[in-house]
Structures are given as C-alpha cells and as structure tokens.
Amino acid sequence: MDPLFEFLLRQGDNTLVLGHRISEWCGKAPVLEEDIALANTALDLIGQTQMWLGYAAEVEGAGRTADDLAFLRDAWDFRNLLLLERPNGDFGHTMMRQFLFDAYQIQNLKALEASSDPRIAEIAVKSGKEATYHLDRSRDTVIALGDGTSESNARMQSALDALWPYAGEMFLADEIDQAMAADHIAPLPLEYRAPWEAAVLPALAAAALKVPQDDFAHQGGKTGRRHSEHLGHMLATMQVLQRSYPGATW
Amino acid sequence: DPQERAFQERIDAGEKIEPKEWMPDGYRKNLIRQIGQHAHSEIVGQLPEGNWITRAPTLERKAILLAKVQDEAGHGLYLYCAAETLGVSRDELFEMLHEGKMKYSSIFNYPTLTWADMGAVGWLVDGAAIMNQVPLQRTSYGPYARAMIRICKEESFHQRQGFDIMMKMANGTAAQKRMAQDALDRFWYPALMMFGPSDKDSVHSAQSMAWKIKMNTNDELRQKFVDQTVPQAEYLGLTVPDNDLKKNEETGHYDFTQPDWAEFFDVLKGNGPCNADRMAARKEAWDGGAWVREAMAAHAAKKKAAKLAAE
Amino acid sequence: MDPLFEFLLRQGDNTLVLGHRISEWCGKAPVLEEDIALANTALDLIGQTQMWLGYAAEVEGAGRTADDLAFLRDAWDFRNLLLLERPNGDFGHTMMRQFLFDAYQIQNLKALEASSDPRIAEIAVKSGKEATYHLDRSRDTVIALGDGTSESNARMQSALDALWPYAGEMFLADEIDQAMAADHIAPLPLEYRAPWEAAVLPALAAAALKVPQDDFAHQGGKTGRRHSEHLGHMLATMQVLQRSYPGATW
Amino acid sequence: DPQERAFQERIDAGEKIEPKEWMPDGYRKNLIRQIGQHAHSEIVGQLPEGNWITRAPTLERKAILLAKVQDEAGHGLYLYCAAETLGVSRDELFEMLHEGKMKYSSIFNYPTLTWADMGAVGWLVDGAAIMNQVPLQRTSYGPYARAMIRICKEESFHQRQGFDIMMKMANGTAAQKRMAQDALDRFWYPALMMFGPSDKDSVHSAQSMAWKIKMNTNDELRQKFVDQTVPQAEYLGLTVPDNDLKKNEETGHYDFTQPDWAEFFDVLKGNGPCNADRMAARKEAWDGGAWVREAMAAHAAKKKAAKLAAE
C-alpha cells in the first residue's frame, strides 16, 4: 500500500462524499439563494475531487482513472472522514457539518500549499479560494441560525451535539500521516487542531451554542476500517450507472 | 383611453417600459403571470435534473449537471427580481405556486427515467425553451427583456451540453442507444406541447402580442422547433416517434403530427405523471425550511438593532 | 416479444416491487405486531416472485434465472403497476396501497386458478391463501385507521386521494392481455373491476372515507413505457450486489 | 427471612416460579431488567439486518432474511409477554428503552457494512446468543424458561443460515472472501463482548446465579464460544483476528485475547458506532406510529361500544 496513494484517496474521498451529500439538496433548499450556494459548493467539491482522485490514479499507476476510483470502489475502500458521510438531516445539520469540515479543510489546504509534492501544492492552491468562501459562508450561516430563534438555536445545538463526536477523527494520525509528515508532504493532522478550535469555538459562541464536553471521537472512516452504514447506501445510488453498464462511456 | 393609446404607441415604437412608468393593469397582470410562471419553471425544473445528479455516471457529468442546475436557480432569481419590479414579492409568488394558483411549465411534470433523459432535457426541453425565449429578449418590459438576455446565453450552452450527452448515448453501447431512443420517444411530444396549444385555442395570445410580451405565435415557434430538431435527430441516428413526419417540399417545412392535446390539458389539470410529486417536493422544501427563513430574519433584525444601538 | 413471458413478468414484478417496498419497513412499524405482519407479507410476496419469475425465465428459454430477471433488468424492463412502486409514505399510506392491490390480486389469482396454463394455475393456487390473508388484514387495517381518530381519518383520506389515480391501471388491457384472454390463460383485467369495487367501496365506506370522483388513471407501469422516478432508485438499492459483483454466487 | 429462604429452597430443588407466586423484589426487578433487555435486543436487532434486506443479493437470500427478522420480532413478542407477567407493560418497557433507562445488547451498536455481515451476524452473534440462551431454558422463572425454549429452536436455525452465508462467501470470489474475512475481523471482539465483562467485574452475577436467572459465568460461556467457533473459522479458511489465539494442550481450551473492555464501556455509555442511529430509528418509528396506535385503540373502543349497545 503506497502511503501517498492512500493520502490522496483521503483527500479526494472527503470532497467526493461531501460533494455528493450536498448535491442531494438539489432544488430543496429553504431559500433560493441557498439552492444556488449549495449547488455551487457541491460543484467546487466535485471539481476538487477530479484533481485529487486524478492525481491518486496517476500515483497508483495501475491504469485506473479518477472516475474508476470514484465509481468502482466499494465502501470499504473509501477513505473519507465519517463526518462527511453522515446523512444531511435538516438544513442546519448540513451547514453545521459543513462548517466543522470547512474550518479543518482550510488549515489542511493552507498546509498543503507548502507540500514537498508540487502537484499537491498546486491542487491545494487551486482549492484554497473556494474553501475560504465555503468557510465564510458556513460560519455565517451557523452563527445566524444559532443566534436566530429559539427553535433554530435548539436545532443547531442538536446538530452540534450529534456531529461533535465525528470531529475528532479529523485530527487523528496513523502510519500514513506519519509517512506524509516524514516526507514533508503534509503535517500531522494534530497540528490543525489548535487553529481549528480558534476558528470554531468563537463562532459557536457567537451562535449561542454550547460545545459538548465529551471528547470521544468516532473513527474508522479515513482508515476505511469501519465506515457507517450510510456510505453503502450513498454508493449504491452514486455508482449505479457505472456498475450497471460496465465499460460504457458517458 | 388616451393613456393606453400612448402606452401602445410607445410599444409599437419599440420603446422599453420601465418599472416606475405607467402601464395598464392587464399588462402588469399578464407579465406577472408570464414571468412568474417562467420563474417557477426554473425552480421546479431543478427537480427532474436533481433526480440524476446523485446518479451522474462520471465526475465530469456530475459537475456539468450541477453547474446547470445552479444556473437554473440563478435564472429563477433574475426572473423573481423582474417580477418584483411589478409589485409582487417572491414569497407571494411562491404562495401562489404552492396553492396551485400559478403554473410552471408542464414539461417538468414528466419523469426523468434514464441518464439519456438528461440529454433529452437539454436538447429538446432547453431547445424548445430557447426558441420561446430568444424573441423575448426584445420584449417590451425592460427588466424582463434584460433578464432574458442573460438567460438565453446560458440556455444555449445547456442545450449544447444536452446534445453532447445524446451524442455519447446514441454512439454508445446498445443499451445506451436504446436509452437515447427511449428518451426521444418520451420527450418528443411533451416538448412540442411546450409551445402551448394552437393559437386558435390560446387565450392570451392576441393582446399579449400587441403588448410585445409574446413575440411569436405558438404554432410558428413549434414549427421552427420541429424544423430545427428533426435533422439533429437524424444526425444522432434516432427516430422521431411520428410516422407522419415528412419534409414538405413545397413549404420547406416539416409536416408533423400534433401532440395529444387531451394529455396536455390532463397534465395542466394536475394529472401529469409527476405533478403531485413535484408540488410535494417543493412544498416540503418550503415548509421544512420555514424555520431557517425565520431564523435568518431574526438574526438580521438583531444585528441591525445592535448596530443602531452602537451608533 | 412472447406475450406469455410479458404476462409472467407483470405478475412477478408486481409481487417483487411490492414485496421490496414492504420490506423497507423492517424494524420500523408502529406496533410490534405490525413488524411481524409486514415481514410476513413481504416474505409471501418474495416467495410468489420466485414462482412467477422462475416460470417466466423458463418460458423465455434464454438461460436466465428468476434472480437474473429480478436483479439484472433496468427499470424500463420492469412490468409492475405504477401503484406498487409508489413510496411507502406513512403506515396508513402503505396499508392503503396494499389494500387497493390486495383486492385486485385476489380476483386475479382466483381467475388464474382456472388458467389454461397448468403452471400458472398451480402458482395461483399456491399464492391464493396468502393473498386472502393479506386482503383480510389490509382491509381491517384500512377500516380501523379510517374509523379511528380525526387525524387518522385525514391521513387515510389523503392516502386514498393520492393513490386512487394509480388504481385504474390494474384494469387496463393491451395486446398482451388480449393474447392471454384469447388463449384462456387469463381473463381481461376489466373483468376484475366490478368485484374489486364490490370489495373496496364498502370497506372505504366503513372507513368513513370519500371515494375520489375523478377516474383519471396513470399508466405506463405494466407496459413499461413510463415508470415513475421512484423505481430507478429502488432498483439501485435492490440490485447493488448483483451489479457490483457480477458472476458471484451468494 | 423465612419466605426468602423457602423461595430459595424451591429454586434449589429445581422448581419453576410462576407469575402469581410470591417472589423477592430483587428477583422480580432483576428478571424484568434481564428479560426486557433481551426483548429490546430482538427489536433493535432487526435494524442491522433490515439494513441489508433491501439489498439482499438473491430472492432466496431476501426471503431467508425476511423470515429471520420476522422470527426476531416474534421473539421480542414472547419476551415482552414474559416480562408482562412480572407486572410491567410493553409500553413501559419501550419508554424505558427510549429514555435510555434500559439497554439492549451492545452488539447491535455495530454497523453491518457488507453482505458478509449477514453471515457474521448469524454465525457469531446468534452463535453467542444461543450460548447464552440454551442454559436459560432451565432458568427458574417459568414463563421465561418456556419463552427461551421456543426461541432457542429458531435461533440455532438462524445460526446455521449465517454459517451458510459465510461458507458461500469464504468459498466465493476474491472480493467475497475479503468481505468474509473483514466481517470476522470486525465482529470477533464485539461477539466476545456479548458475554459481558469478566465475572470478577460483573455486578449482578452471584445473586443471579443463586436465583438461577443466570446459569453460567460470563467467562465460562465466552470460553465455550471460542472453543466452538475457532474450528469453524478454520473450516471456513478464515483467520481469527487474534495473534495470541492458541489451543492450550493442557486445558484443552483455546487461550485467547480479551476484547478491549474500554471500548465495551464506551459503547455501553452510548459511544458505539451506531447507538445514536439505532435509538433515533426506534424513536422515530415509535413517535411516527403514535397516530396509528391511537387510531387502533379508538376504533377498538368504538367497536366495543357498538357491540355493547347492540346487546
């Protein structure tokens, strides 16, 4: 198992899976402006996926394409964070998930801009502007909905409570991360934790939300060791055409 | 009425009417109906495509479809803004949609059943829409005309993308070819219906044409669409589902079979294959999002109050 | 196209699609007894599917099996009634759909017991007892929920209003049905209408429900000409393993 | 207390205690906890299997799984009835479950991720359950013992079906073999945890054993399960994920690594991979079905009233 390949899958599967979840909102947002913004976010994430998985396929050198990686792997070969495969829930739940990830992703991309691997640095630069915009938007929305009405505050609190145990996985490291750090391809994810908290905690405070005190962290997504039951259902939908009509071009 | 006469003269002279200017009630009402219906069509039109975004067969196709749906929501936004200049709010328009008092294009009451339908929707549905919309860039109401200019640019891009999907399908595996033909079979007549009933049966036509909020007759546009589309179908190697379709060497146009207008009126009445599902999806989105809209308004009000207090 | 094969697909796809929908309730019924009854109904329907599609595969004579027919056809090759692919909705909606179908199916099976095709007669006999039980149960439930509270009555009325336009397809005939009638394999479906109404209308009256007056009937399911958007999603789930792992045995 | 002594003597003599007979409060409370927890496990246990019913790979497998889930709901019913003989209603038990005051087996807080998990659940989870349940056929409380007799018969059938799935997978394609091994890797330790913590850490053990509502120690049963299961894994050609697993020639038993009890207590606390999803699914089913239960009760009351009036 090539650590660089694994690392790239983690990057690409994160954007793919989150992009897919966001795309499930199509035409069903609470406000027209949000329909536009959600489609735009999904579009950005799918574009980033093409870059990450495209490079992953090159690194693997087995003749697979980004599409092969996206549409012909089963759940256990996916390397996305558990947080990102969580079902959408209500709009607030979706935006809370987005915010917790965006605040991590911005650190991740910033660090990768200085990667010793020039291709990774290039993808990080190309993704950075979009990610900044996503973070601005998800933070504003979380604050607005947390601060809004008592109903919206309660909904956002329950979203935070439900999703918080999935945040910790973003900062866990394994031998893949260690190999990346040793080669100066990427820092250890733990380094993102402090700046992530510095971005997240004030926003949650402004949103009048209580940060859960339990630091238990679900894991098994980025290693692929144990995804949730939700991913398989997502893939059954996402991959249906490639699975049903093997070898066709679209 | 001299005011009305003056108004008509301005229109005849090719002038644009702008929001603050005087206009007849009927003109205003007709425009609201027409622009609102068009806006609703953009919004409801997201649903049949959204149905395949989660199943798009490649990352590229998924991205293209997302961009398209984003454009459509954007078109909805322009059009609601244009309607607002006539004194009706977006929320009022939504309410009328949800209560069944306003329509959206009946084409979106047909289901999208295979990936080829994403091609057919782009090729035929956007194609028919463009045929309707291009002349509306010259419509008499300024904000509407300007919205149409922006919209038409993007729509023709969508149509090319749709045709590109059809090309891939028509030149693909046997199953893909079958999907392409099946999509054409299902969408041909509904696309023809998009131009509305024959002008002799059309209620609003004459006055709307005088006011230049309708620029061509339904039959003219339908014929133009058939003339443009049939050679494209031939190029794709697909068969238009009309045994009587034939180039008329005298007129230079295609003779074709009219769609089943009984079906058209059935769909209009609510009995299309997807009317109930589409409206349920939109109402659920709207009702389910009420708490978000309330919260955003409350937050904005608090921010404004805090700002005032600080001053 | 062999009319007998088509006819058998219609029978088998009806039970397959409805059995699948019912199986989606697993573990989520409003009362434990209903969990048991729903699992039992789904089980009966899947068992009947094995018989119908098994015979269809034999008649086709192309080396396909019942499983091939169930798991390797795409939506447009399905021949089930549109009614049966409707999403479950709430429990009352599910039971209303079941009742409208059960009252038809009992007529269908009774007639097929006298089929000139002995295999069909045999399957009809084997299915008949289960179908009688299903009808007794769905009728009782519809009556109870219609008669129960004002909320339950309103829910059942809205289920009836939503599903009524899908009932008419059960009684439509095309050249397949004509061929079956000519060969005394099955009567024309229109013959089921009067006894169906004789069963359905008194039950709806006992349930204090108003029968919609519009006789518009959606169609396109049993011919396969135009299913609803729901069927494709159902099949993406149902067929995922056979599609993803072609040639495996399970 | 002479009453308690007499009660204990009856138990020691192998007599069954029946519902109307006197019993110590602790006996009753412990039984309610144990039977209720077992009943809840049957109900919640439908969910991880329901997760694959809609994706079962053949009609036969779908039918078998449906039959199994139906059995489990039936087991739940027997057990709730047994619990009701102790003076607690099914609705009260549900309420305690939903409020987190009663548990269900932690094993159902692990996800089912591939079809092989349907095999592993049958082989390992039902296997462990049977090991727990067979001795309970001789438990001192009559209704409970009789429920266990019916349940055990069906469970051993389920276990064989699970093993059959594992056989097919282990002897299947490379991907199927990988699924089978992966399922064993994920379910091995959670299955070992099903017997509960080591007896020295177990709260209720001593008294429960005296009362014969627990017949063996947790460690005894766990050892028995390992001894039975390891050869089956070998037969399947699968590797038990325990590097220190070894037959101890002296004792004749396998030496094995204890599961991670910290994980066990985490899951018990609510931090298992699926705790939140399982409880949400059950609560949604219960709350969403409230109108049905109310309507059924109202209808039954009306029918009864009508019958009385007619008499």
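First chain written, first letter: the chains are A, B, C and D, and each begins at residue 1.
Here, a residue touches a chain if its C-beta (ideal position, glycine included) is under 8 Å from a C-beta of that chain, and two chains touch if they have at least 3 such contacts.
On a predicted model such as this, the values are computed, not experimentally measured, just so you know.
Of all chains, the one whose CA centroid is most distant from that of chain A is C. Chain B and chain C have CA centres that are 36 Å apart. Shared interface positions of chain A, i.e. residues touching 2 or more other chains, are given as 74, 232, 236-237, 240. Chain contacts: chain B has residues 55, 175 touching two or more partner chains. Judged by the touch criterion defined above, the protein chains form a pattern that is neither an open path, a ring nor a star, and not fully connected either. Across the whole structure, chains are in contact as follows: A-B, A-C, A-D, B-C, C-D. Residues 43-44, 46-47, 49-50, 53-63, 66-67, 69-70, 73-74, 76-77, 80, 90, 115, 165, 168, 172-173, 175-176, 281-282, 284-286, 288-300, 302 of chain D touch chain C in their complex.
Across the interface of their complex, chain B is touched by residues 74-76, 162, 165, 214, 216, 218, 220, 225-229, 232, 236 of chain C. By the touch criterion given at the top, residues 74, 232-233, 235-237, 239-240, 243-244, 246 of chain A touch chain C in their complex. Within the complex formed with chain A, the residues of chain D that make contact are 48, 51, 55, 111-114, 175, 182, 186, 266, 271, 273-274, 276-277. Chain C meets chain D in the complex at residues 16, 20, 23-24, 26-36, 39-40, 42-43, 46-47, 49-50, 53, 66-67, 70-71, 90-92, 143-145, 147-149, 151-152, 155, 237-238, 240-242, 245, 247-250.
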